[in-house]
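So that you can tell them apart, the chains are marked A, B, C and D in the order they are listed, and the count of residues begins at 1 in each.
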Amino acid sequence: MPPKVDTKAKIGVLGASGYTGSELVRLLLRHPNAELALLTADRRAGQEMAAVFPQFAPCVLPRLVSIDSIDWVGAGLDMIFCALPHATTQKVIKQVFAAVPEAKVVDLSADFRLADIASYARWYGHEHHAPELQRQAIYGLVEIYRDEIKRAHLVANPGCYTTCAQLPLIPLLRAKAIDPGEIVIDAKSGMTGAGRSAKEEMLFSEVSEGIHAYGVGHHRHMAELDQEFSKAAGREVIASFTPHLMPMNRGILSTIYVRTTGGSPDDLHATLLKFYANEPFVHVLPFGQMPQTRHVRGSNMTFIGVAKDRIAGRAIVGAALDNLVKGASGQAVQNMNLMLGFPETTGLEQIALFP
Amino acid sequence: MPPKVDTKAKIGVLGASGYTGSELVRLLLRHPNAELALLTADRRAGQEMAAVFPQFAPCVLPRLVSIDSIDWVGAGLDMIFCALPHATTQKVIKQVFAAVPEAKVVDLSADFRLADIASYARWYGHEHHAPELQRQAIYGLVEIYRDEIKRAHLVANPGCYTTCAQLPLIPLLRAKAIDPGEIVIDAKSGMTGAGRSAKEEMLFSEVSEGIHAYGVGHHRHMAELDQEFSKAAGREVIASFTPHLMPMNRGILSTIYVRTTGGSPDDLHATLLKFYANEPFVHVLPFGQMPQTRHVRGSNMTFIGVAKDRIAGRAIVGAALDNLVKGASGQAVQNMNLMLGFPETTGLEQIALFP
Amino acid sequence: MPPKVDTKAKIGVLGASGYTGSELVRLLLRHPNAELALLTADRRAGQEMAAVFPQFAPCVLPRLVSIDSIDWVGAGLDMIFCALPHATTQKVIKQVFAAVPEAKVVDLSADFRLADIASYARWYGHEHHAPELQRQAIYGLVEIYRDEIKRAHLVANPGCYTTCAQLPLIPLLRAKAIDPGEIVIDAKSGMTGAGRSAKEEMLFSEVSEGIHAYGVGHHRHMAELDQEFSKAAGREVIASFTPHLMPMNRGILSTIYVRTTGGSPDDLHATLLKFYANEPFVHVLPFGQMPQTRHVRGSNMTFIGVAKDRIAGRAIVGAALDNLVKGASGQAVQNMNLMLGFPETTGLEQIALFP
Amino acid sequence: MPPKVDTKAKIGVLGASGYTGSELVRLLLRHPNAELALLTADRRAGQEMAAVFPQFAPCVLPRLVSIDSIDWVGAGLDMIFCALPHATTQKVIKQVFAAVPEAKVVDLSADFRLADIASYARWYGHEHHAPELQRQAIYGLVEIYRDEIKRAHLVANPGCYTTCAQLPLIPLLRAKAIDPGEIVIDAKSGMTGAGRSAKEEMLFSEVSEGIHAYGVGHHRHMAELDQEFSKAAGREVIASFTPHLMPMNRGILSTIYVRTTGGSPDDLHATLLKFYANEPFVHVLPFGQMPQTRHVRGSNMTFIGVAKDRIAGRAIVGAALDNLVKGASGQAVQNMNLMLGFPETTGLEQIALFP
């Protein structure tokens, strides 16, 4: 039975020294039903969170510990967020469930997103370490899998790029409103999407004043897109997807080029407007208006726009979200709210910080 | 009598199409005791707020109106925020109080900050238009004038640069811990401090990838500093103050060079630590640590640091705040909370958005 | 007969207070065969260039004058660059040729780029003001029209977006290597491409930390693309083109999605490599590498890359250039060099400024 | 005897994979008297320069080698630039002179800047490894030591921060126009000044949208300032110096607060104007104008401005330069020109890239 609305859930964040970890802390510190009981950061164990992220200096938070030091049973956590690097997560989560079978986990890595473990092995280059858990994992795109998430114990939080492509495209694919064989997704991401590890190509001077595509033709997020698009279309869908890195901290913009199956671009717009009519975190702009990443910065909102191309039968669909919020930690909290029985929007009401 | 804590105060924001106006809307939309009842924007009258600031598209807000169209009595506002350009404000506020003598106003412009109307005339080049109101105006630096603000009907919200210099220096001047004749304030500001008016020198391409000083030797904020520093020191103080503009949206950093009156830099640190021990929105860092603007972005917090210079008897004091929050709209809401009897931190708990 | 290589050509720059104007001045000040004899800027007439662009303070330059004050015959200019806003140019150039029939002009605006004046009227909303000159105008994409340019008196310098799409695509269309019915061009531009006029949406705080598409489905540059692509393909081509604005000063990146006509992506690469083998200002990267705008910043170079998509039969082509150099003023100087008989690369050898 | 003006000097660049190394390559590739004969980068040995800095892809350059692999005698270099990290350089240069006693070296590190090896040991925490070479080293601030540099075999190229403080202050100290006991230097630097090493605090997301002071009270550059200021003043001078890091690639701005010794701020301006009247790379702005870093970007120019403070007897002096050009590699080439007998400005004529 979930905690009641007026109780506090005890929360653990594994990997609090990365950007999605700190974003979870930012959101959960102001969540009325959350108590941050445990923060891990293996290389910074023993330190205060403020040493790693000085913005938390005025806040009371538990000291950082290493994962190995945790007594999972004694910790008595109601929810565990796993914000660890891809590929290290499967083993950790296996240990969690071995110790506490009734645990609830939202994993922000890619480790449990692919239902097909053969596909996982192909894209990630090694066997899945927890195939039995994979079978129970629910893909945590709330607007699509809300009911399954409510009952889940392990939720695989979607990727930021993929959320920003799925939210605009899944309703259109389900409605068979666009040609699934001719989808081009051009995505532009801010730098926090690349994480906090110290790499030369992520230095300010390498990133500022420029833009470039990367992972062209073979980005790992494609597996996730294939899975969900194919499910939505009821047939195999392979979209063309190209990510770009650009000089901003937060934000993803997807510019998506589609061919309609006979309807007009207005019909696509109407389909999306209807699909998201009651969703608190997806806003469909008036026809012809395109979204800007800056208008969702720091919020859990996704903005979607549809415009007609001058080529008959073609339309352009845009989507913008904050990769650290709706693209990661905000969506993770949204999943937690469902899993623990809190109102879905709790702790996620913050309006975008613009300018 | 102020509204009770569980009631909603009816709020008007004059000048909602500028950055401090939109920041007020951002904060007040999530303030549990605020109801945004009136938004003005003369040049955009008749439009939706979302046409001016698309981030509000998902929110329910009153349509923008012109100031001339307002029936001040009928509006029944509990609080009026005035976020109009400097020098247009005195006349508008005069009209407000003429119509509704018991009105409560927080003015974010510089129009009521100088108690001495002769000083006002000297710095601003024209006579004060509402000298009788000036006599009732309270300078709204909460940490210094909290009690007066609680009883005020007209609060002059301090400037962003001046807040970022006064918070670190007033306690030191009051304690006679620094030489008032040798203060150098080097301030660096993000671009939102310059407002939203379309000027060539504020274009992205003119601002990006560079920094420069401006208003050297004669910036208007100096009058405000002179007034408050002199009051704190009990003698005339004229500090050297040089502002710079740099490529960031939000944030002011003051790097302040002082000579102690005999004590050590540690003594300065201890004085500040004690002064702000119970303040929710001022955080003094451990001795030797200097603040970064990014760690207060979007929050109402001010970070202060003290370090010793290698020159005996000298210290370096740093302060950082978000010019749109503690430097403008956040401080304005803090003032409102005091004036209407709400807990001072209500609606201002948001943690900084970093990265 | 052109001036000899060791002589100095007298140059006039109309519109020196804009970004393409100042970029012409930057390049021509160091061009061994150029003498900057005349600079105009109507609103700044009478001022020094250093008052408008302080980087020229150490240089000797003629004072800014208004266009109306020029004695075209007496000026004795060997070359006139016209860097005026779109739609004001036709009348000015008409006057020039009326006064000096043998004049040589490179026009950086869009006013003479469309050979079909009916098309011009449709896209620009008014009749062409100099149809007889339009017939003599040569489209100044050097790599495609080098020979015509050498004999031209009026060259219409191509647009920045269009140069960055034509250089990668024209060789492929000519070779019939790609399907002309399925071209998607997603372009990302720095802010100098939008010029120096003071508009709210170009302020630093509106642009920083974000990206958005604009002119979706109906950008004027499309007419130029249609004209040149159709010519290259020998049939009507209408490409899908979507421009984006992002926070950088200089640079355009085109990410182009194409379907091959049977060949492999490697074949596309080979076609481009061969086409540009001897071109000094187009560099084709090794197969699979994609260009970055930062690596051409400040230079006249275009970088092109080709990668295969994971979808059979599809490829991704990237192109990067500096919108103010190869996308405007550098290309204009390249045109001048041809028109006046100087070696094509003179004054354009500068290597990109990275970081 | 130096090479004649129409010959090519054979140049080696040690440390070509860093930012000052690549900047040397950029400048020397277009220097009419330079032939880049040797490029080293120990960790990238065997690779093409274009693999490390793609902007050089169109250029012909020697392949990167390791320092250990060099035959110093056989290489026959006329000039060696040493752009290695601080503290590794002394040993390398010792080897160079051991093998080739008549070699000429410009060292861009801090290793030979302090004439007093005791001072070196105190600031750098270890004994100097080449004290006998230190005695021959000339401090390479051209505007001050031009004659000594012409005869030098080992030149210690000044630091970027220190160049930007010395150029405005040395003439004033020499003229005894300012009080040497009350100098405050507030410096703001772009990120390339921190080099290309992959550190968390230099990631884009850590740097963008913020500013902070660092090394407060104990930055190593102070030793260099003390040495040169004391020499200029003829007495010990210890200035207060605080560096800041901010989101731009290139540029340093020094805002300097001084007290005159009785003269007016205009007198300071006149002193600087006279001192730099014939200098090609220092430009003194009209009185009251302050420099902007963006107006010297990519050029070897330093801009200096003087304004009066409103406090009697005080003035504000500003200086701006590009840390990679006049603050490092441009100044190094200027030194080379003097050492090899080329005209001092050769290869350094490029005008600033703004915007």
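As a convention for this text, a residue touches a chain if its C-beta (ideal position, glycine included) is under 8 Å from a C-beta of that chain, and two chains touch if they have at least 3 such contacts.
These figures come from a predicted structure and were not determined experimentally.
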item	value
Selected pair, greater C-beta contact count between A-D and B-D	B-D
Chain copies touching (subunit C, subunit D) - same or different residues, decided at half shared	same
Chain separated most widely from subunit D, comparing mean CA positions	A
Whole-Å gap between the CA centroids of subunit C and subunit D	36
Gap in Å, rounded to a whole number, between the CA centres of subunit D and subunit B	40
CA centroid of subunit A to CA centroid of subunit D, Å	46
Multi-partner residues of subunit D (each touching 2 or more other chains)	19, 190, 192, 205-206, 208-209, 247-250, 292, 294-295, 297, 355
Of subunit B, residues touching subunit D in the complex	182, 184, 186, 188, 190, 205-206, 208-214, 216-218, 222, 238, 240, 242, 244, 246-251, 253, 255, 257, 288, 290-295, 297, 307-311, 314, 316, 318, 320, 355
Subunit D residues touching subunit A - in the complex, by the definition given at the top	19, 190-192, 196-200, 202-209, 247-249
Residues of subunit D defined as touching subunit C within the complex	19, 22, 26, 29-30, 53-59, 192, 208-209, 249-250, 283, 285, 292, 294-299, 301, 303, 349-355
